[in-house]
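Listed next: structures, encoded as structure tokens.
After this come two complexes, each holding chain A, first together with chain B and then together with chain C.
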Partner chain A sequence: MISQISAVTSINLRSIPQRWGMSLATILSIALVVGVLLGFLAMANGFRATVSGTGSESIAVLLRSGSQAELNSGFGRDTVRLIETAPGVARDEDGAAILSAELYVITDATKRSTGNDASLSLRGVDDMAPRLRENFELVEGRMFAEGSNEIVVGEGVLREFSGFELNSTIRMGPNEWRVVGVFSTGGSVFDSEIWADIGTVQNLYQRGASYQSIRVQLDGETGLTELQDYAENEPRLDLDITTEKEFFAQSAGGLSNLIMYLGWPLAIIMAVGALAGAWNAMYASVDSRVREIATLRTLGFSGFAAFVGTLVESLLLAFIGGLVGALITYFVFDGVSASTMGGSFTQVVFSFAVTIQSVISGVVLALIVGLFGGFFPALRASRVPLLEVHG
Partner chain B sequence: MNDLTLIRKSLFRKKTRAILLILSIMTAFLIFGALASIDRVLNSSEELSRADRLVTVNKINFTQTMPYAYWGRVGAVEGVQAVTHASWFGGYYQDIRNFVQAFAVDVDTYLEVYPELVMPADQRAALSERRDCVAVGADLAEQYGWAVGDRFPLSSNIWRQADGSSAWDVEVCAIMTIPDQELPTNYLLMQYDYYNEALAFNRDQIGWMILLTGDPANNDAVSERIDTLFANSPAETETTTEAAFSQAFVEQLGNIGLILSLVVGAAFATILMIVGTTMVMAINERTKEVGVMKTLGFSSSRIFTHVLSESVLLSLVGGLLGLGAAVLLLGGIAEVAGGQLPGLGVGRETWIQALGLMLAFGLLTGFVPAVNAMRLKIVEALGKD
Partner chain C sequence: MTDVLYELTDLSKKYTRGKESVAIFEDLTMTINRGDFIAIMGPSGSGKTTLLNLLGGIDKPSGGQVVCNGLRIDNLSQAKLAKWRSSHVGFIFQFYNLMPTLTAAQNVELPLLLTKLSSKERKRRVQTAMEVVKLAERAKHRPRQLSGGQQQRVAIARALVADPDVLLCDEPTGDLDRATADEILETLQLLNSELGKTIVMVTHDPAAAKYARRELHLDKGRFVETGAMA
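Our next item is the complex of A and B:
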């Protein structure tokens, strides 16, 4: 039985070149389906990796309650002072709280790809901010000086927006800024930000002594609950406190889900189209070998062997198609930089990421197309009427 | 037997094959219809905005506010026929997930600048009488089941009242609609004075201004005058047409047009290959038949036309079924989404483009086999085994 199956299968596979036009069309059409699916998944995965990969469990983000995003939040210096002495906040060797109070302003900058303006976050910070970003690293230049109109920009900003080269001067709104450094936080959302001295930002944007968020290093595992309890029982505080991980996970969901919900149905609809192609190709394969199959059956080969032979041919074409699609997507899209509007209406720069899981999903989709496309033609091959063909 | 019957018969001589081809053409046009509609919805605000309506925002970014006094100063600029202002309220209803697109506006001038917004005269009068009155778009009212006379607290995720509360008590006094157009009415207008007087911070600031110039030819001059007026002030402005403003906002999402074109392109490339190769094969199978027809006196050009018509017919049947499916699908989505995705549907322009694509596609896939059939010599055709 097995020898019959392998004999028929090898005859099938060796006959593929005789129908190279149909076979190639099948492979390429399946490759395109898989390519579209993987393109969307790479976009969704890349965006999600940037946004939710940012969060740390040991850092808490404090916003005014109910504000959801930094853009909507706001509080005064008094709140920051209370948190500086609050329980649950980690302290450095001098006993000072590891805490960064920040201001968040949106500014316009020119996108390289389109030449149009898009929104970027300009964050007013002090020298504590880098300590509350894991993987922070100054790639070029230096940090800004206190009270100056100097800025440091994230790598993503440099990549996607024009005018932010080191040592250049850039005008944002009525103000001029000098780029003195480039920083990286290992591909997180902060790479899409511009940082400047908080005092300067408060002044230039008429924010008085107000802040929009506080980031604190939590003191051990109980730090978060200690801090939350304290804030709840302190009438002068009106804050929502979450871990940074949770904060970013909330803001990542929407867009990456949207991309997924768009990508899968599209790929499935296209797969139905490709299915018709595979089906036709396999019918053509069976039709052109009707005489051959009938001869084999007369010689004693089983209908099942003929069935398997055709099905394997179909699956193989689909598998090649799936691999070709995955490879093309990998070489064309993996690592491609793009930016889109994230939470708070500002641009988030991210890289397309073709993951192993999505490649597997793509190949599985291709095999499903091959399975369904080959099934009925294979059934037909197994039921070739011997007498009619030879008659 | 006339030519059309002949074409139909040869197209469906292998039923399964014809149905499969139609199915695969259908999927491509379904994708085309659905994506073209999504693109249209995203750009609808641009399509339907008034050519002489300008938007003035803070030059730093549209999320930055500007002083209330700017409103009066813009009103005095030469060429400005009417000007109003609006502020983003960041509204939600009861639960923070129930987002309400709410603007704090000066109602009288707002309705002057947006004359397409209409409401019954008695509701319009009531709206100006009380400060806590709001006007709700019909789509939004339907979403939350609001009717005239309903009172509810409208919460803000940005603003606070001086007493610490973040909710403004409002009463629905008017329901707004936009007759004759597919424009969404999924927002709420509350009164600026009522909002502003209670603010704990950022009082006497406005978000943006909208103005009419009366004639698109004046747009450039008016925007320059306004922006010059506020140059070198702490809040410089940027004035653009309403269309350019909404377009810029959509573009912030990324190059959606490019992504959609790539997907549609991939879908069409797929079926082009499938249908193209299958058509070549189908005509090859009929070599003998074509030879017989030629022997009977069918001219080469008539045979050429036959084969081409066959592929065009195939493409039209598949394409129309695909667009039909897109209409059904979008109708279903619009139903599920409630009032949130107004204007979702296959537009006239999409139909025209799709018909053009169907013709082009049919001609393209039929051309090679048609030429083959036309060039076929009777001797060769009949001599084939």
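Our next item is the complex of A and C:
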């Protein structure tokens, strides 16, 4: 049976060039389906990798209870003082808490790609902030001076927004700022932020001595529990405390799921269209070889061999289409930088990521199209009347 | 072993056209002996090709029996018939029915793919069959690179290669010029006389029928034997 199937399959595959137009149309329509799907998946994966890749298990984020995002949070200096002495917080060699109290405001900047204004995060921090970001590196210039109108910007900001080149002066709202440094946190969400001295930000944005978040270095594996227990039992504190990793994973989930929920249905609708194309191509393939199929069956080849041979042809065309779609998406989209609205209504810069997993998903979708597109034509091939041998 | 290869008893074949039933032939009884070379002639629609289809097991009769080599084939399942055809019948068609994407040798090898022969043995048999039809040097050519006569020789080699009991030929020279047709018919005659192959050939052409040992005219569902050669 295997030699029958391989002979029929070989005859089918060798005859593809005789129907190259129809076969090419099938390949391209399936490539388009896979391309669209992988485009969406690359967007979702890239966004998720950027946001959920941000954050550490050993750093805790403290927000006002129920605020969920930094933008909604807020507390005073007294809360920071309590956390500075709280258990579970790691301390440096001088015994000082490793902690960064931060203020988070939204500002506007011009996107390079469209020329339109978009929201960006301006974070007021002190010199502890870099210590509480994994992979922080000042790649150009220096950190801002305390009490100055100086800013350092993430690499994503420099890449996607205009006016942030080193040593340039940029107006944001009523204030002018001088860019004195560019930092990287290895592609995480912080690369989409602008940092300035917290005292300056508090003054210029009239926030008094308020803060919106605290990041603390946790003291060992039990640090988080100790800190949470302390906050729960201290009546002057009203905080939600999570690890930084969990905080960003929650922020990423919504949008990346939304992208996925858009991508899959769109790809499936298009797949139905491609299915019709595959159907046509495979029916044309069978119809153009009716006499050949009848001849093989007259010689003694089984209907099953004719069925499998046709199905394999369909699957091969679909597989090629899937690979073409994946390759095009990879070369066009993989690593392409884009930005979109993140969890706090500010832009998050991320790179499209065409992963092996999504390529596999795309090729599997293509094979499903090939399987359904080939099934009925294959059935027709297996039932070609033997009398067609005289046709 | 009996000399009779085929026994057809009370064979009938009817087609339905709309509500009408059209009889191609009824109560047809005949025998074909081993080593026969029979030419079946008759006007269009007389049932020549239908009879060939019934002998080859690619169509089923409406009534009666077809027995080949002692085996009743008219009531076999499609799968059993396919297996039976692969080892007992070689077909030769008017338009050759070669696979255009395969070489001549690959076309000839097709029936052997249904056997358990090793690849080496298959190649050896293909070579022999190609030599019998004097086309060994064209083994690697594809059908479009061969003339009509050469393509029909490849088809003959394909029909021969599995050493079947009978060669069933449907207008084997209908697509060829006279000289080429004569070459093909001489080849068939040689296969009959030298290798003892039983051949049943349907033809319109009286000149082609002269190469057969027996000529049968099918007319209105009845056979009229009109001639025999030595």
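Please note the rule applied: the second predicted complex is superposed on the first by the 388 of 391 C-alpha atoms of A that agree within 3 Å, B and C clash if a C-alpha of one lies under 4 Å from a C-alpha of the other, contacts with A are read in each partner's own complex, and residues count from 1 in each chain.
As a convention for this text, contacts are C-beta pairs under 8 Å (C-beta built on N, C-alpha and C of every residue); 3 or more make two chains touch, one makes a residue touch a chain.
Bear in mind that the values here come from a model prediction, so they are computed numbers and not experimental data.
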Next on the checklist: One more residue to check, A:T85. First (chain B), second (chain C), both or neither?
Outcome noted: neither
Item to check | Contact breadth on chain A, by residue count: chain C or chain B | outcome: B
Checklist entry - Where does A:N233 make contact in the superposed view: on chain B (first), on chain C (second), on both, or on neither? => result neither
Item to check | Contacts of A:G273 with chain B and chain C, given as first, second, both or neither | outcome: first
Checklist entry - When the two structures are overlaid on chain A, which partner does A:S29 contact: first (chain B), second (chain C), both, or neither? => result first
Checklist outcome for this item: Dual-contact residues of chain A (chain B, chain C) none
Checklist entry - For the complex, which residues does chain A have touching chain B? => result 21-22, 24-26, 28-29, 32-33, 35-36, 39, 66-69, 71-72, 74, 105-108, 113-114, 116-119, 172-174, 205-206, 210, 238, 266, 269-270, 272-277, 279-280, 283-284, 338-341, 345, 347
Item to check | Complex contact set, residues of chain C against chain A | outcome: 49, 53, 56, 58-59, 78-79, 82-83, 85-87, 91, 93-94, 97, 99-102, 110-111, 113-114, 158, 170
Next on the checklist: Under the definition above, what is the set of chain B residues touching chain A in their complex?
Outcome noted: 16-17, 20-21, 23-28, 30-31, 58-61, 63-64, 90, 96, 155, 157-158, 164, 166, 201, 232-234, 236, 248, 251-255, 262-263, 266-267, 269-271, 273-274, 276-278, 280-281
Checklist entry - In their shared complex, at which residues does chain A touch chain C? => result 3-4, 7, 11, 14-15, 18, 291-292, 295-303, 386-387, 389-390
